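Both complexes shown next keep subunit A, but they swap its partner, so subunit B is in the first and subunit C is in the second.
For the complex of A and B:
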């Protein structure tokens, strides 16, 4: 297992190299000059040249890339061209915010999605089953930004129950700040919740038809014990796979939700940086996303072994 | 199974409990919107983006400008009616030859750290903008607006590292600051109202030059408190403000990029003002309570199209005039902008002494447009290639371009619309690649020099600002003379003549001046939106006199 882990961790290096080369090339091939964006509509070539030189943009691209790699090896992602601040500091805060939002969304998606899936599976073809599946299809089909706007309209503008933007409020209590999380987390949870509900249903349906479940019933075990102790544990493998992939996707794909709810997350920072041609932020966030993706996948593999002791890695 | 249902029911209840019950409705005559009781007078101010910097010398955008103007003071500033009024300089004297500006600094002004503002601070702040060597030593970059001080004696040579000293600035005593110019420059005082020329305390900057952009210290009505990037910036009232008693306690700038979210937040009572999203004006007008909350003026904020005057077919002014007469701008303002624009008839905006009220612009007249095309050798548009119109990615720009495309089709011109992201657009338009393109400009200072010289004079072609590459020797002569003429009446005469030349040559397809219409909560008093404001930034609107009457 230790050897497997080490191998997986080392495999991140070529992945990262490949991703950074592709990203670096793509952002430099795209039209648009970060200096011009920084200077706005009052561009002076003398000042622009000085800025270019100070930011190292006058160096050959290969040199710029190796400087980036050298700094990356020291954990330094450089300075933002637009904000002038260290990228690690700027992205660190935002990554924490995205993690907080994605984790909350994932908890909602897992709890509600699995419960709904189980409910549908134990009463197949019933009203509950149809209702859960209709909601699940809607959850996958409704665009996130539309759902977000509708939730804002209902819970913010009409009912005035929940704040519609930002992550915290000046002078607010912890509880009041927590309310900022509810709408974006529910919005972000909608797609994974629907997928988890569907996967849980189908996986549970399969397991519930197995002989050992019939045996458990014959032994006189209660429904709760059968579902949670016997059926669910065995139905978990495909669910965990989906949860792992979904979590990685939530982290990297929260940009729409972050924009609609003005959540100061990593996805929004990356999209803004692309618009401003802020290369260090783009490279930094792509690197961070890549590491996260690999780490989550690794974690999923480890959880497999924990859930199903028959799975062993070499 | 029942237990599972009970768990779900409990979860739903918990979520419901977590939400406050709806606030009781306000009385009819007070407010149609909910107001949240706050112990302090907190002004929740929306920003469409996180400011790139709070260091005045690096400001190039309206968002940073909005925040910085509350923290800092300059020597002079604009009043709400855009006159130049004293700020840190209680008065000033300009020499007869217009080359020497002598400012007398207030004795009662203090920085937020408690130290008095002196002429040395003014000297330091101005010199810092030009001191690219010091910026480099501090691991910073030079000021992006250093060129605005190049009219100062020796400024350019000092900036480029060709001179050790800077002879254009002098601080003979604690309260006197003198600027020497290379040559007469009439708009100089207006230029000094830009937030780039705010006065900073030298010891704070010296302590942490780069950090100053994150934790600024000024002398203005509000003191920087906290910056939670991409979420909010908190400023607190400067209770020792030298100018006036600040009525608000706190300003919270809330970063909300999406206009619809800002609107919903305003309706939910979470903002004191907001801009109006595209397509919502009709809805607002239909609701008398909301309609009563709309404030704003026609801004010095232009939205038009530019022709590349160097390239065919737009090197022929008859084609440019044809395009101008072919587009029904009033229909665009009425149907697409929902009234949020004023018809553009001039090349310099309304709201200033220099505005030419008599200009008729280019009235909608498709027959006249056809006649111009005919004269130019393109009868019924025949012989004209398909022309690409480059715009940004805003929904408003797209709808407007579609209307222009249709209007031009009526006179036989085929238009293809191409959208570019802002960075690409800037790159291509300044390089002179684009033939027909969107052209927007918000005044840096309300002076015709900022429009007619910067945007249309021939030496400014390309990078400095004349993206249409318009060139007309007589026009050039007039606007150059306007720069060095101090007498207002004479300047006005020069600029009106120059504007007549521009109107006859039509380097732009005139469309509209934006109106900065803003929804403001009914309890907000003392908010004077100016013609230099874009909404929701309201960057030039003073907040120190704003108060709440609930």
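For the complex of A and C:
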């Protein structure tokens, strides 16, 4: 296992190298000069040249890339061209905000999605089953931004129950924090919740038909014990795969939700940076996303082994 | 939200504008300008303190002006000091300070100009000329210099309390403010880039003031509750398209001007229709360069008898005169560049339609900011969208900056238009001390530009914002371009809620 882990962690290096080379090349090939964006209509060629030299933009691309790599190895992602602040500091907060939102959405998706899936699987073809599946299909089909807008209209504009923009301010109460989180988290949770409900249902249905479940029933175990002690654990493997993939997708896919709810997250920061050609922020965000993707996938593999002792890694 | 608006609350300047755009005192108690317009003396208030508790003195202004001019600061706004004595020498590294700025004593600041500049006093009211304490500017925090960009220390009515980039900026009252502590204990500027999201947050009671999304103005006017919260004013800002006069077909030839072609297109569009139907009435049709909101300088003849009205026959006639009857010999497709943003696709689409009516084909091409500026910088366009929002109420913001040969290119004159007579008049006006004569010189220059038509003249802008009824004391001026109120001193603003609120 330790060898496997080491191998997986080391395999991140070529992945990161590849991603950074592609991103670096793409942003430099795209038209648009960050200095022009920064100076706008007050562009002055002399000051622009000074800035280019200070930011290292006058060096050959290969040299710029190796400087980026050298700094990256020390955990330094450079300074934002536009905001002039360290990228690690700027993105650190935003990555935390995106993690907070995505993790909350994932908890909602797992708890409600799995419960709904189990309920549907216990009584297949029943009213509950149909209802869960209709909601699940709707959850997958409704665009996230539309759902977000509708939730804002209902719970914000009409009922005035919940805030519709941004995070709570520093020093706010836990309740205030929670109120700001509810609508974006539920919006972001909608798609994974629906997928988890569908996967849980089909996986549970398959397991519930197995002989050992019949045996468990025959020896007189209660429904709750059968479901949670026997059926669910065996039905978990495909669910965990989906959850792992979903979490990685949630992190990177949160940008729409972040935009609708003005949530100061990493996705929004990256989109803004692309518009402004703020290269260090773009590279920093892509690197962070890549590391997170790989880390989540690794975590999923480890959890497999814990759930299913038959799986062994070499 | 504008960064300028936040800076306005944290920092102080020598002078500032009131809501009628009259210059008024900020840290300068009084000031005098010599009859030749070359020497300005400011007598400072003696009770002003920075947020770190230290007294503000004339030496701090000397430091702040030098900081702005210093090539090491790399400020694109240093050009505002262009006419201060010693500026060129300082920029070229021949001296290590601005010789024209000095402290006569602790509370007296002297500024000498190399030549008179009519709007210099007004530029001093912009936050570029805010006074900063040297010790905070040079402070090294966390191993990084440039302390002010992270920990701004000013002498304004509010202090920075909390800054979450991309989320919000929270300011708290400066109890030691020279004019007395502000009424509000806290002001929060929220970063909500999407205007629709701002509006929803406003309706939900999360914001006390908000901008209005495109297409919502008429709906708000029909809504009894929101109508009372709507505040409207003319803005010192214009919208136009530039013809790239260094490129065919707009380029004047050795034996013939292309003025008639550019004029023809100015006759071909119906500005009233576009403004009323598409732009919700928030833009006003305007054929001119000095906008109506710049009341002291605006030429009313531009409203009474606009140089161009919608006249398809006249447009066709001028096309013939220019050698392009029925759009003959014009490029098949000419790109009309615009920066993706507010209402631009609709305007570009309409312009394409009106041009099509006189057989001139243009193709709207929306671009992101970076790509748009790149193309403008390279001069790689036939027609491009331009706009100008004034930071200070002076005609040179428009005539000199947007059309003088000195500013050719990305700095302002995107049309790359050159006219010696225009340049001479504008330069003469900038140095003219008599207001009446100066106005006439600017009007003459404006008429030349209108006649030569380097632009497709379009609109003057208005500002429309929503403010909750319990917010008292905000006076919207023609410099307040959005709901962050960059020209307002929020120390006079208070919140008076009743049971209804």
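Operating definition for what follows: the second predicted complex is superposed on the first by the 310 of 314 C-alpha atoms of A that agree within 3 Å, B and C clash if a C-alpha of one lies under 4 Å from a C-alpha of the other, contacts with A are read in each partner's own complex, and residues count from 1 in each chain.
Everything below uses one rule, namely that a contact is a pair of C-beta atoms (placed from the backbone, for glycine too) under 8 Å apart; a residue touches a chain by one contact, two chains touch by 3 or more.
Please read these numbers as outputs of a predicted model, since none were measured by experiment.
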Clash or fit, subunit B versus subunit C on superposed subunit A: clash
Have a look at where A:25 lands relative to subunit B and subunit C in the superposition and call it first, second, both or neither. neither
Considering only the touch criterion stated at the top, classify A:111 as touching first (subunit B), second (subunit C), both, or neither. first
Look at A:215 in the shared chain and tell me whether it touches subunit B only, subunit C only, both, or neither; answer first, second, both or neither. neither
Report for A:126: first if it touches subunit B alone, second if subunit C alone, otherwise both or neither. neither
Figure out whether A:11 sits in contact with subunit B (first) or subunit C (second), or with both, or with neither. neither
Could you tell me if A:261 is touching subunit B, subunit C, both of them or neither one (first, second, both, neither)? both
Dominant contact partner of subunit A by residue count, subunit C or subunit B: B
Using the superposition on chain A described above, determine whether A:51 touches subunit B (first), subunit C (second), both, or neither. both
Does any part of subunit A touch subunit B in one structure and subunit C in the other, and if so which residues? 30-34, 36-37, 39-44, 46-47, 50-51, 54, 83-85, 90, 93-94, 152-153, 156-157, 160, 163-167, 170, 259-262, 264, 268-269, 272, 275-277
Residues of subunit A defined as touching subunit C within the complex: 30-34, 36-37, 39-44, 46-47, 50-51, 54, 83-86, 90, 93-94, 97, 152-153, 156-157, 160, 163-167, 169-170, 259-262, 264, 268-269, 272, 275-277
Under the stated contact criterion, what part of subunit A meets subunit B in this complex? 30-34, 36-48, 50-51, 54-55, 82-85, 90, 93-94, 111-112, 115, 118-119, 122, 149, 152-153, 155-157, 159-168, 170-171, 175, 178-179, 182, 223-224, 259-262, 264-265, 268-269, 272, 275-277
Subunit A-touching residues of subunit C, taken from the complex the two chains share: 71, 74-79, 144, 146, 149-150, 162, 164-168, 170, 188, 190-194, 197-198, 200-201, 203-207, 368-371, 373-375, 377, 409-412
In the complex formed with subunit A, which residues of subunit B make contact? 1, 3-5, 7-8, 11, 15, 18-23, 34, 38-40, 42, 44, 49-50, 52-53, 58, 60-61, 132, 135-136, 140-148, 159-160, 210, 213-214, 228-232, 234, 250, 252, 254-258, 260-262, 264-265, 267-270, 421-424, 426-428, 430, 441, 444, 454, 463-465
